[in-house]
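Next up, some structures in structure tokens.
Next come two complexes built around chain A: one with chain B, the other with chain C.
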Partner chain A sequence: MAETVKLTIDGKEVVAPKGMNLIEAAKLVGIEVPHYCYHPKLTIAGNCRMCLVDTGMPKLDKDKKPELGPDGKPVIMFAPKLAIGCNTTVAEGMVVHTRTPKVQKAREGVMEFLLINHPLDCPICDQAGECRLQEFSVDYGKGESRFVEEKVHKPKQTKLNAKITLDDERCILCSRCIRFMKEVAGQDCLGFVNRGSYSTLTCYPGQEPKTNYDLNIVDICPVGALTQTDFRFEQRVWFLKETKSVCPNCSTGCNTVLWSREGVVYRQTPRDNDAVNQCWMCDYGRLNFKFINDPTRLTSPSVKSAVYGERVNLTWLEATRQITGKLKAAGTIAGIASGRATTEELFLFKKLVGDLVDIVPHTGEADGKLLQADRNPNTAGAKLTGCATGKLPEILEGIKAGKVKTLIVLGEDLDEELAKKLELLVVIDTLPTKATEHANYVLPGTTFAEKRGTFINGKNRLQRFNAAIPPVGIARPEWQTLTALLGASYAAIEDVFADMARTLPALAGLNLSKIGDLGVELKIEQPAVQPVSQAAEAVAK
Partner chain B sequence: MQVQRPKLTFWERTYIPQILKGMWITIRHLPMKKFTRMYPEEKPKLLGDYRGAPTLVKDPEGRVKCVSCQLCEFVCPPKAIRITPGFRADQAFDSNVEKEPKEFEIDMLRCIYCGYCEEVCPEEAIFLKNDFAITGYKREELRFNKQKLLELGGVQPDSIWKWKYKGAPPPGTPIGPVRDGKPVEKKAAGH
Partner chain C sequence: MTIPSELERHIDEIITHYPTKRAPVLWLCHLLQDHFGFLGQEQVEWIATKLSLQPINVWEVVTFYPMFTQKLRGKFHIKVCRTLSCHLAGSQKLLERLKDLGADFTVDTVECLASCGTAPAMMINDEHYDSMTPERLDKIVADIKRTGTLAKEPIAKPLPAHPLEKRVLLANITKPGYTGSLADYEKEGGYQALAKALTMKPEEIVNEVKNSEIRGRGGAGFPCGLKWSFLAKNTGKPTYLVCNADESEPGTFKDRQLINYDPHQLLEGILISCHATGAKVAYIYIRGEMPHGANVLINAIAEARAKGYVGKTAEIYVHRGAGAYICGEETGLIESLEGKRAYPRIKPPFPAIVGLFGSPTVVNNVETLSNIPHIVKNGAAWFKAMGVPGSTGTRLVCVSGPVKRPGYYEFEMGKLTMRQLIEDVCGGVTNGKKIKGVIPGGSSMPVMPANNLDVPLDFESLRKAGTMAGSGGIVVLTEDVSIVDATLNVSQFYAHESCGQCTPCREGTLWMEKMLHRIKDGHSRPEDVDLLFEVADNIDGKTICPLGEAAAWPVKAFLKNYRSEFEKACNKNG
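Up next is the complex of A and B:
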């Protein structure tokens, strides 16, 4: 640990690293210092004045030694004015008061100023329920207003860009969004215009935020000034259940929270994890979850009936019985898995299919921040379980040549031409595709929001995600389907993981609860992400 | 255990004094004030704070007062209320309110007339009025929707006019002092 200093906050001894500010030091001992403009990942602006605390230093005598009082303790000289906690660093022997009447009075004053021109339209404000202004009004405010004049009116319901709605009346001018856009997103486009109580947040004309990280300013906005347009008026946050999850849209695997109510996911927000995504996530990942509640989701196992000439729904038992019978009779089985499947599913898939198996690469452009070129969240998991073999061209050639007649597809699409050549095509997927259209058997799967499982991200970090909502129809998690096809006896996902931990040395000694909410780094020899073969991708398309 | 029966006198065994006593009580009550109300022909007189069926109200300008903040849905103990939030029409006279319920349903079979919804409402949009005999032939009839609730609620007088001057002046208006929804002309600086 770096050099530390000892100080006292509200009578509690704190050992904090040198250079830490008082808000963070107080957090170490569980004391909350209210603040608006301060954000641990941004530079310090110090303009909200909410984090004022009373600080004092030991009185020094002529030899620069702390002078002792009659009780044998150092005499503390308190500063005449309060200091802001965010920009005051810890010092040896410092004494900090955060709850004295003096501090409380200052907070009341700050709250009163912040609320002078605040429109108080909480009933129509999306932030209500997770608004720092509401929370601190209750905790530290006066509870009544002395302001009788007309409030300043500013632009309301304006669109900052297509994704973000700006309500300037609600803004408390903390400048977090300005600093985020400048320092993290890298587009210095927001700023304040006008002066005094007419100060208004706006973007430079024609310079609306257009990075892939804009929506993070909605998260860090402590009030309802910046709100997400496509979540606007959708649900009140107090109805939403928070489920810890992992973003399945690229190999970064940003830690997220899924906000759902009664089987519908309404939004996805980032979750703090300094080892992966700090506290941000990209808009591409954040907004790409609508397929969960797509009305066309597959809800029941079905078979393309030779008798009726159309799809007929089956029970799971019947589907399993028919497929296992046909798989036993079939010769070579090939499998196309998905890098979006969980590690457990890939492990079972490998067991079911055998050697002739591969995943389909999905790539895009990396942006050098969070978004990776590899858009599969679990390429490393596929490698670890032996599903990523690079045999995809071989499989596809085999189908074309008529050598491969039986194919199981897990969560990927297939060309119509290829699908027609197969004798037996079993597709496990969530949404209708070309492959499910031509498949002999379609088995409905679940999205990442409906099952538990693990992903291994591009840096070999094993991360766990949880089920937020129940599956649609009689669809069930893929690991259950694969267990049934294998004839195995895993009763829960924990059993699959336990078997995996026994088989794969990289996972030895781990279980789902040991992974924790933040994941664990795995020690895998080979580099997890290899350059994706463009040819393989082209063939797959 | 053996119950000891009281020994009755001859007159007691004839029951005649008891019958006469009972009839005397009945006769005594005949000229007295009647307490029985001939419901349903005769309706009860309800006090002002009677908690009947919850209803939605409009203000005298015809604005639906509910802004679908969903606090009533949250506070409702039997979870009888279900709101689908939505937007106010852009061109409407009350578009500055931004939000209004797309659908507002109260399941009257679930409602327990506790009045929490009225109490929690920050907009004074929901009132428990005097309707108490809520009946129907089908369950669906007793799921009151927004239209039905507004019909029942009618217009409520307003003394605050919370939203009348709320919201920003039209776009293009310079940001500056405002009174009664109109920008205040700046006086020439007097030196």
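Up next is the complex of A and C:
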């Protein structure tokens, strides 16, 4: 336990670890100290001056002991000037005022200064609704404008890079983006040019941000200066529903928020989780969600029919009846699952398919930060449920040799030649592929945005995500499809998880609500990350 | 783009003066601009490559310091000082003469050239011109046009001492034949204090300086010995001494004299202070607008190195600024010395703990350091015997504005009143005009109304009078001066010099300037008087560095003492 000190903030006693600043210490007791430039994951700049607070220390007598006043309490000596909360650390006996008239006047002053040269173009600003200038104007501003001079004009709607639009007139020069690019993204490319009120955020010509983390500066920009170009004018943020989710694009499993409205996901942003991604996410993951709203999404179960032409839609009931019948008659059943499937789905898939099952590895280059080489979000889940076996080459060879005649595929593709060799191919997926083209039965699945479930990340952290939007057409979450094919009686995903927790020791005692929004670390003996079999990958291609 | 090998050798030598790659950025900008005439993308990228930096790091610097230009200027760059004393002495008239000069000329206004006693001042390229008149300007321009070259402008002769002065620091400069050379300085007993100091333990020198009770002469008046004693010890890092020669507080022009006329006195002070503080390297940060002073120092350092003074116990390097008042603030100076935009640092930590290059650092003013040899040589008791308690020793004051004998004077502190200084030493106001007010310590200090001139010139007395001794730059304002105009001029300075880092100063200083422009131009509203005060008050005490106060105090004081002038200006349209 770190050493702590006791202090008083707005009359509330606070016990805070030594070295903590006053913004964080106030947060401990639910007091907001407004700020713009301070960011807990970046170095302190102290430039916005919004977090000014009144601080005092006990007056010490000759023996360096606190002098007591007539009321028996220590006499507090307040500093002549207000101090910035971000750069003032807690001290024993310190007394802090965050709401006195003196502090309020300072905040009103800072708010006014921040707004005098600001274009006040909220009606056409994408930040509106999530803008700190708006929020703190309401909470701490004067509510009137006294500025009648000509504003300073700066470049507007400039392309910082392909992903980000910069409006320098809205910029409040807090330097968060500069610090982020330098300190976190590792590219020292942003800076201020010119001086005084004419200071302007920019990058050197031809040296724009080009890391996989650039879009985080849009998140941390407290105002509308930096906006995500592909989200501009798409939606007003207050119309969007926020759903807690997990990024499905690699084994880190960055915690995210999906922003959706009327069945469409408009953006994905990182969600704080110090155990996983702090408050960042990579651009590759962030931007890779557009498939959710792909117009070619599979919307209905279907069967390949020689009689009626290429493909005939079925009801779920009919599809289930036909497939279960055929599966019963089949000999050896093989299964290829996806490492993007949820742990619950993989658990049921294993039950349905049996031993001849594996997942397909997907890899890329790790960037040493958040993006991992393993691009499957749930390799560890596949391993835990027994779906990651390394048998993929065996399965594929079996199909080639005609030994495997029945295959169920969950969210993966299959080579055309192999597909043609099968007698019964059932594919559960969200988008058309070679596999769905040749499948006897296609069962529409759901993306991570349309269902609930869990992933286990590369560090064996079990994380849950939620449904942001309804499935398309009559598609339904895969756990329901698998339940039907199994003839099982899980009424809700909680039931699947409960069964899983009974069966798998690593999940013993857990349930979906116990996982919480931040996940739990599982105790799994072996490293969960599946060694990528080069051979398997080659065959899969 | 090719860099001549001689220039690159010079650059390579400069780079060795610094422990970090980035610190020489300003020097390289100066050298490349001197050679190419401007700093375009090619130059910026060359510097970045040379110093293993990102181009943005260099570009940020180029655009921060007004002396650097991204576009080629005319062959003759005329820089007319527009700040208060020069403004009062008619710099506007000079500017009016400088229209349509042709492509060979670029005309700019600059902020205080630290020659207020010889206002109006101006520069053409590196030449400095005092006491300009429109007629003289016409002649200079005509000569340039005729010859196509710029004649050397001699440096003004030192001012003789007034009988009421007590010259210690300025004692040598008017001695017959004294040139400020090492030989001359030694002849007057120079470097004997260093010899004595080197026989003393560092603590002994620190104690002597502490006991002398000398307070910093830069503006804040912080006790020098105490500042030294704050230096972090046993950090495993080197200690640095920085001499603040960024004299740029409007009304102040004393350090210029100490550098130009007696550089070895300063060098000796630096070497002793290095010994006292354990610093092995000292940097003199001299403002960019003093190229002559920089050369004087570079030559003096070379002389002192040849004689074994410099380089034996400590190295001294000259670092040139490039036109930023904020570099006078010690942490802004440190950032600039590190090759960055001069953004003052948030404190704590203070430079004594984490300063230049992350090391314990002491920053002292030129005048403060020039006092050190005298304290070591003559002892703390001798020093303390001069001046009054709380304000020991002598102080250089600079007087500008419409007085008969403007200039720099050295007095025992507290032994002379403001009135004596203006009336007896400076011969009173020209043309028998009445005094309206006096700015006592550079334009950032609150103005004193005329009824308060009997205050003695020392730290405490001026503080009790509601103002501060500041940098010792005294500007006399007479009855014919429009206070609205003077306030505008001062506000324009601070808006121009605001670094732009923190909100209240960045936004507030320009707001005040714009408002004052409007008031002066007759587009004011009655509520502007109170609004102006409010804006100043919202800056005051809310900023990272004291520039906030420097910008707010004069406005508040002018409003407080001359409110009726503002009201008149604001009500005439209201």
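General remarks:
Following the convention adopted for this analysis, the second predicted complex is superposed on the first by the 539 of 541 C-alpha atoms of A that agree within 3 Å, B and C clash if a C-alpha of one lies under 4 Å from a C-alpha of the other, contacts with A are read in each partner's own complex, and residues count from 1 in each chain.
Keep this in mind: a residue touches a chain if its C-beta (ideal position, glycine included) is under 8 Å from a C-beta of that chain, and two chains touch if they have at least 3 such contacts.
Please read these numbers as outputs of a predicted model, since none were measured by experiment.
In the superposition on chain A, contact of A:C122 is made with chain B only, not with chain C.
In the superposed model, A:G196 makes contact with chain C only, not with chain B. When both complexes are overlaid on chain A, the residue A:I84 reaches chain C alone and has no touch with chain B. By the touch criterion defined above, A:G30 lies against neither chain B nor chain C after alignment on the C-alpha atoms of chain A. Look at A:G368: by the touch rule set out above, it reaches neither chain B nor chain C.
Of the two partner chains placed around the shared chain by superposition, neither chain B nor chain C is touched by A:G509. In the superposition on chain A, A:V152 makes contact with both chain B and chain C. In the superposition on chain A, A:C48 contacts chain C only, with no contact to chain B.
Residue by residue along chain A, chain B and chain C are tallied for touches, and C comes out ahead. In the superposition on chain A, contact of A:R236 is made with chain B only, not with chain C.
Overlap of the chain B and chain C interfaces on chain A comprises residues 150, 152, 194, 198. Across the interface of their complex, chain B is touched by residues 119, 121-124, 128, 150, 152-157, 168-169, 194, 198, 200, 233-236, 238-239 of chain A. Those residues of chain A whose C-beta lies close enough to touch chain C in the complex are 44-50, 52, 80-82, 84, 87, 105-106, 108-110, 112-114, 116-117, 146-150, 152, 172-173, 188-199, 202-205, 207.
Residues of chain C that touch chain A in their complex: 41, 44, 54-57, 59-60, 63-64, 66, 324, 341, 346, 348, 495-504, 506-511, 514-515, 518, 525, 531, 537-539, 541-544. Residues 67-71, 73-74, 85-87, 96-99, 122-123, 165-169, 171, 175-180 of chain B are the ones touching chain A in the complex.
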